[in-house]
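Sharing a structure with you now.
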Amino acid sequence: MPYINIRLAGTLTNEQKQQIAAEVTDTMERIAHKPKSYVYITFDEKPHEDWAIGGKLLGNNK
Amino acid sequence: MPYINIRLAGTLTNEQKQQIAAEVTDTMERIAHKPKSYVYITFDEKPHEDWAIGGKLLGNNK
Amino acid sequence: MPYINIRLAGTLTNEQKQQIAAEVTDTMERIAHKPKSYVYITFDEKPHEDWAIGGKLLGNNK
Amino acid sequence: MPYINIRLAGTLTNEQKQQIAAEVTDTMERIAHKPKSYVYITFDEKPHEDWAIGGKLLGNNK
Amino acid sequence: MPYINIRLAGTLTNEQKQQIAAEVTDTMERIAHKPKSYVYITFDEKPHEDWAIGGKLLGNNK
Amino acid sequence: MPYINIRLAGTLTNEQKQQIAAEVTDTMERIAHKPKSYVYITFDEKPHEDWAIGGKLLGNNK
């Protein structure tokens, strides 16, 4: 632990994911004093039509 | 907030997702007094073979 | 299934939870055609200091 | 990885959690060929009034 | 309930998922005394590039 | 969106949570180009006896 799940609408490149993972892991080590090797991070890239804000799908174009 | 995650086996049309998002957001505003614009809803449509009830996959036909 | 998780900052009364559960379950039956008895709903009531929006804890008063 | 989250209504003793963790980890190693040391399991013990089935809270006595 | 979510990087065959679901459901019945028919299990098979350990994506080859 | 959930065993101070939220939100804005005000972060502080690694509860002293 810790286990961190990052959910967002749309996609990220592998480079973006790698940099986010590196920075968030560094934050957890520096602030929460967790050993880096124990930090799990997962990304859930959701289609825009699977995410609603304020009752409206982000990707509903119909 | 709130953040609401809806997981189900199978798929929904965008029209179904839109109506569910609208109704659930309305429920959260009316009953829990949360401003609509803060309500996030995500849908996770899972293949039937990724969901088990009673120890049996819903989509295991083998 | 479906499995629906409702996370929010703060608390709800049992009456609010009961009404939300009834309405969301009804929505899932009516729109997604899922039998009511299969709908699981869980509530995660989080302390305000465990929820951040825009980089600020909702309950950080220090 | 893997990361396994077990949510239930009510409570378990530490002995029950320990035995579940041991058995589920063994299953993941034996069937999915994942090294034991990488298997994270978390338990979420929910109050009965935070879980609804069929639109009714399990712990709503009012 | 209970609701159990199993997340891992990579894929499993339907046979592996079926056996894991059967064993984990049996564990929950035997140790936690939950009726089998109430046990929901879902699998989230994640691409290796969506999982980071120690700040490095498992599937980042670039 | 995005919605980020940080789960760990043990507790953090409000100052630690505030700093983690600020840094992770900054990372999401800078790398993923998400507006800060849309970033939700939640913390789940779990008791050590609710987290197992390698089939052993972190907090099982019995």
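Order of writing sets the labels: A, B, C, D, E and F. Residues in every chain begin at 1.
Following the convention adopted for this analysis, contacts are C-beta pairs under 8 Å (C-beta built on N, C-alpha and C of every residue); 3 or more make two chains touch, one makes a residue touch a chain.
This is a predicted model, so every value here is computed, not measured.
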Point to revise | For chain B and chain E, chains touching each | key: A, C
Practice item. Can you give the shortest number of steps from chain A to chain D, where adjacent chains in the path must touch? Key: 1
**Study point:** chain E and chain F, separation of their C-alpha mean positions in angstrom
**Key:** 21
Check your understanding: Out of chain B, which residues touch more than one other chain, so two or more?
Key -> 1, 3, 7, 24, 38, 40, 42, 46, 51, 53
Exercise for review: Report the topology of the inter-chain touch graph, choosing from line, ring, star, complete and other.
Suggested key: other
Exercise for review: Could you list each pair of chains that touch one another?
Suggested key: A-B, A-D, A-E, A-F, B-C, B-E, B-F, C-D, C-E, C-F, D-E, D-F
**Study point:** Footprint of chain F on chain B - complex, ascending
**Key:** 1, 3, 40, 42
Check your understanding: Across the complex, what residues on chain F touch chain D?
Key -> 7, 46, 49-57, 59-60, 62
Point to revise | Contact footprint of chain A on chain B as seen in their complex | key: 14-15, 17-18, 21-22, 24-26, 36-45
Exercise for review: Please give the residue numbers of chain F that touch chain A in the complex, ascending.
Suggested key: 1-9, 12, 16, 19-20, 23-24, 27-28, 31-32, 34, 38, 51, 53, 58
